[in-house]
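Can you read through this structure? Questions will come right after.
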Amino acid sequence: APAASGEKAGKIKIALSNSFIGNQWRVEMENVYKAACAMPPYVDQVECSVFNAGNDVSTQSRQISNLISQGVDAIVINAASTSGLNGVVQQACDRGIVIVSFDNTVDNQCGLTVNTDQIKFGQQLAQFIVDELNGQGNVVMVTGVAGTGADNDRNKGAKEVFAANPGIKVVSSYTGMWDSATAQRATSAQLPNLPEIHGVWVSGGTDGVIKAFVAAKRPMPVVGGEAENGFRKFMAGILTPKVNGMSIGQPPFLSVISLELARAVVKGEHPKSSITIPFPVATSDKMVPGETVFPDLPDSFFADFTDSGPNATVILCQEAATDGTPCPGKTLDVNLGTP
Amino acid sequence: MRDALRRVSLGYLVLAATAVAYIVVYTSRLGRFPTSFDYLSILNTTLPLVFVAIGQSLVVLTGGIDLSVGGMVSVCVAVTATTVSSSITWLFVVLAIGTACGALNGLIVAYGRIAPILTTLATLSIFTGLGLRVLPVPGGSIPQEVRLVLTNPATPTGLIWLGLAVAGWLVLRRTRFGMRVYAIGSDEASARAVGVPAAAVKLKVYALSGLCSALAAVFYVSTTTSGDANAGNPFILTSIASVVVGGVAFSGGRGSALGAVAGAVALTLVIDILFFSGIDPLYQSLFQGLFLVVAVLLGTVAALAARRRRQA
Amino acid sequence: MSSRRVLYALGGTVAVLLVGAILHPGFASWSSLRVMLVVASFTGFVAAGQMLVVLVGGIDLSIPWVLNGAAIVLTTSSLGQTSRAPLAILLALGVGALVGLGNGMGVAWLGVPAVVMTLGMNGVMQGLTLGLSKGLTCASCGSYAPEPLRGLFDGALPAQLFLWAGVGLFMTVLLTLTTFGRRVYAVGVNPRAAFLSGVGVRGVTVALYTLSGVFAALAGIALVAYGGQPSLGLGDPYLFESIAAVVVGGVSILGGRGHYLGVIAGSLTLVAVTTFLQAQRVPEYGRLMIYGLVILAILFAYGREKAHD
Amino acid sequence: MTETSSMAPAQAEPGSETLAVRASGVDRAFGGVQALRDASFAARPGEIHALAGENGAGKSTLIKVLCGLIKADKGTVEIFGTEVSRVVEPAARRRMGVATAFQELSLLPDLTVAENLLLQDPPRGRLGLVQRRRLAPAAEEILNRYGVDDIDPRATAADLSVAQRQVVELVRVLAGEPRVVILDEPTAALADRQVDWLAGHMRRLRDAGSCVIFTSHRWREIESLADRVTVFRNGTHVATRDTLSEAEAVTLMSGRSFAGAYPQITTEPTDDNALSVTNLHSGRLAGVDFDLRRGEILGVGGLAGQGQRDLFLSLFGAQRVRRGTIAVDGKAVTIRSPKDAIRAGVGIAYVPEDRKAEGLFLPLSIRDNIAAATLSRRATAGFVNRGKERAVVKSIVDQLNIGAGRSTNRAADTLSGGNQQKVVMARWLLTEARILLLFDVTRGVDAATKHDIYELVGTLAAQGRAILYYSSETEEIAHLCHRVLVLREGRVAAELAGPVGDAERIVAASIKEGQDA
């Protein structure tokens, strides 16, 4: 096979292989990737492409194989299955293609990963709830899609923390499938059978859980949940009642960081090493419209498409997340931290 | 023989058309013909679907449908990924598990007299749960030797297995059992009346579908090198689509597993065609949906034309 | 015969609720029942359409994305304004009807098997929904369902339940009192004989698929009103669930037999089983297995086909 | 053995030669229906034994018990002295030399003729694999052995005519040269020539020592073929005789007695044309012309499969018309579907031969079945007027004496075959159609019900309706019709003035070119 990565003269080719696009997070993740590609330095250095695989491992394998044939320099992957792509990824690595996977990462060690620490996600939210409740109270856990690594890790982290606090009683635990509508229905159905709830830990679909509490006219508990815009609207008091909560999100800009890592590795500007980034965290006392909460965007929108603050990993504008268009007059600066 | 050709021609036609389209799109995009790497990776990624589609087509030939293939593949993937690295004999246990799951479907359908779609809808849930129990988080592994024998990424060992699958079908087709499968799909009551032990045949057919799912699982783990308890889900609808595109009649009695194999490969090629033609990812499922309907539509039109010709 | 199956279905529901109430006090309290009824009503809407096509031996796999598409059409066209609500509702139902019409034409006129036609249509709708709403990031995609719709779920006896009762009445009247209903059962039992009796088999089939699309859209509207805003993948859980509700409700999958009253019971049974298992904190794998076993048990109780000998 | 002979049934002969088949004390119920009660039957090797009885007498059920397709609730079945009551498995009986042709044909529609013939014993090569290439030649050889040369072994069974399918079914049974041959209404779909062919084979098998059992509703056949006759009524054995006159048989079967077999046609047709057909092309029809007058019963004869079915279906809009015109009352009409045909202005009704497949909605109520073709006539704004419907159905049910006055809420599948046929007739009478297309409506109907139908046809004609009548029993056409069209190769080959009286004339015209046209 022709060694495609041989000539570095022109633009380097980096493709995004996304497992599926059936939810909002994935859409934003692709949008910010496309937006980044249209901004300097990527617009000059990188030739980007994006592919989706209908949540089917074999489709994604095919796409990655085709990318190998196409002779790309790097592939950025959000995998349909953490284990399912090991084979084809190995083949890409064997051909010297840089593989960077994020979010639902690829197990195969030959690739690099960009991710957050999912166990920590569970712990941090649980700890917030424990602290707000002063270590006493009834807690409900709404879990994600069973059989996935992230769900397992998040649950594990939370359970550790709750178990360490004898005053906390986990009175119920059921799946919300990381989907607001499902979480809302499941929570509605469970509530009549539950005692007073003081804290809710949600792996995904947080706004749905809150809506169920509102509809059932139950006192609003402390909520630790994902970064859905709907949840943040409750936290900011844009939707009533105002909810005391902590929102941690798996940031959609993981794709942009992966893009940068891939670019930097191909260019030889960064060593071949994986990156774990901190979660963007928001709490009810620090909600900024246009930055951590977006009144005009859907509840299902993920409000953490951009990082904020002085140490921000990457700062993106709203159009980037909604339309995939570049942020006006800006060079994108991605801070990969010190390896 | 001429008859058999006419019956499965849809699958072959669709395959031929998609193959041509694939090569055209590929070459116009990359400026060269597909390489052995492309063919090999198509082969290896399609193998699991090929096996599930063969099992599904057997069931559909008897006039049934098997939605539980998703669950059976998941269970077998889970068991394969967790056990085979400790001892290769576990491979046979996996095949036995798949067969047993299928046989359970067969028992319920043939002796419990519950419609196949309902039986397998229920067992899908059961098997999926079972898979999740065995492998709560994706992981596990498969020994390198197994991988090199089953789906070697460097040499076309997959061709041998594909050939064996095809040969297996051809042999099956030439057994009395094979004839009985068609007889039952054609008219079960009549088949019983002329002495076909319908319940026993159906039991075997569902068991075979389970075995095919187990084989698919083994090949799946072999291509991906580890397991995932949700691995089977996509196979439910794709196996049905393969069978349909392959020209097997849903009413049973007409078609061939080879058609389903062709259908499975064609569906894989469609993915590649969409890939190289640079369609906006958001619209991708639209084209896949259209492909399905158009392929089958062409099939019905062709069948109608054939009937017209025969009548005239 | 088929009315006996309705009784079985109702009996099944009562049995599940009783078991739940014994093992989990308060499970069958009104407040709990009220919620289960509301949750079951979504399944009930979808299953109404699924039942209609099953009655003529068909199946509708396009439900998930018809539902999702209609939900998005509702919010983006109403922009959350009460004054635009009626038009938006009509538009959303119209989308459902249009897709259903397409399904029906494909099945009845072009002779495409229902499984393929509706599966393909599901893909088409998914592509169109995602593409046209730009993955739900379009300018108007942040709109809420108009306020009056969101009030459907308030109160001790939510209006949503009346809506479901209305659907129940509509279905029952349609199927038992009208000439159309008679034709539906005739087509379901013996399409050839129906054709030779002057029934417009194709017309009936097209009408049923159209209605199925409308019901899926109705479920989409109800779901978006319930959650306030649509999300992607809203309809995914309703594919297998609608089929399960139909058969647990005693409708014969072979066509020609069944009543909507049974489907109401079936929807409630499924929701009660799920709710109960979650309340018992059964882990996910156990939930899936028990759910499957319960459906099997119900099928063994009254879903068996005639013996051959 | 001693036990069973101690409760020897009435017909067991005193001289105790081995019986080929013997059933005693057999009960069998379907749901609430007792199809057989304490039924006994015995047949010897080397005889042709006819099994007679009305529709629903239990003949087919007994046969299914004998051949192991269904299980008896009670009682014993012996084949050549071996008790087999517990074995429910046609294949096992087959191995004992019992072969059966069923009333509902058991050919597999999607399989070829060859596969159908050789399904159980295909030619096999090394490793026991079926040699598919040898299937067709082997089947051809079998067909030829039985003198059948007009059926392509490679043809798919679904593409054959009913008569051809029946022939294949019979060849399949005969080919095993079985020791016990059971034929359930084998002649119902056969043309006379084919009946003779079958009779020859039955006699040959008998002479070779086999036991041949058959059922038929045509007394002529029983009379000419059977060595002995057993009569069943209401699921029970009534009598077994060496000789039996028709009148006696009918009395035994029904408990009633009848005047002549065919009623006299007393009315004459009018001169008004109800239906005029010109140059009709459809299916096998290649240019058919005829007029049908009010009050006329016009028979359609000819060998089986000469386009009779195409004629009926195309007139009713159930099959595409390629060319030609149809005029009702002198006005040309376009009929694209049965709906068009039923419409009051046209008023055509078609009563099909195959009531289960084309007529009835078996699980639905008798009322729904009868009302099905005229729903909108009793509806306001799409809502069925239930009161009116009940009244209308009640009156027609009483008029035709359907189901002995029991509720019309019962499902149609609880009715006997004869009553089911009447239900279909009732549906079409409600349309008040002025043109009736009756296609083999007496097929497989018992003598008593047949008689009712003949009278009904006569009455309808007397009311001024125009009737097109086809029957697979040429005899019937010969006696019942004012005029007979003989179809051959899709054209009217002859027209005979009736009543023809003698079926031979119709048969002759079917075979010979251009006779008295």
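Annotations for the structure displayed:
Labels A, B, C and D are assigned to the chains in the order they are written; within every chain, residues are numbered from 1.
Methods note: a contact is a pair of C-beta atoms (placed from the backbone, for glycine too) under 8 Å apart; a residue touches a chain by one contact, two chains touch by 3 or more.
The structure displayed is predicted, hence computed values, not measured ones.
Of the two interfaces, B-C and C-D, the higher number of touching C-beta pairs belongs to B-C.
With chains reduced to the mean position of their C-alpha atoms, the one farthest from chain C is D. Taking each chain's centre as the mean of its C-alpha atoms, chain A lies 71 Å from chain D. Mean C-alpha positions place chain B and chain C at a centre distance of 29 Å.
Computed centre separation for the pair chain B/chain D is 43 angstrom, with centres defined by C-alpha atoms.
For chain C, the set of residues touching two or more other chains reads 126, 130, 134-135, 284-285.
Along chain D, residues 69 each make contact with two or more other chains.
Among the residues of chain B, those touching two or more other chains are numbered 132, 136, 189, 192, 282, 284-285, 288.
Taken together, the chains touch in the following pairs: A-B, A-C, B-C, B-D, C-D. The part of chain C that touches chain B in the complex is made up of residues 106, 110-113, 115-117, 119-128, 130-131, 134-135, 240, 243-244, 247, 253-254, 284-293, 295-296, 299-300, 303-308.
On the chain B side of its complex with chain A, the touching residues are 26, 29-30, 34-35, 37-38, 41-42, 44-46, 48-49, 81, 131-132, 135-140, 147, 151, 153, 222-231, 234, 238, 268, 271-272, 275-276, 281-282, 284-285, 288.
On chain A, the positions that touch chain C within their shared complex are 21-24, 26-28, 30-31, 143, 146-147, 172-175, 177, 179-182, 184-186, 188-193, 208, 211, 215-216, 230, 296-301, 321-323. Chain B contributes residues 108, 112-115, 117-119, 121-130, 132-133, 136, 188-189, 192, 198, 237, 240-241, 244, 250, 280, 282-293, 296-297, 300, 304 to its touches with chain C in the complex. For chain D in complex with chain B, the touching residues are 69, 89-91, 94, 100, 102, 104-112, 115, 119-120, 122, 128-133, 154, 156, 159, 172, 283.
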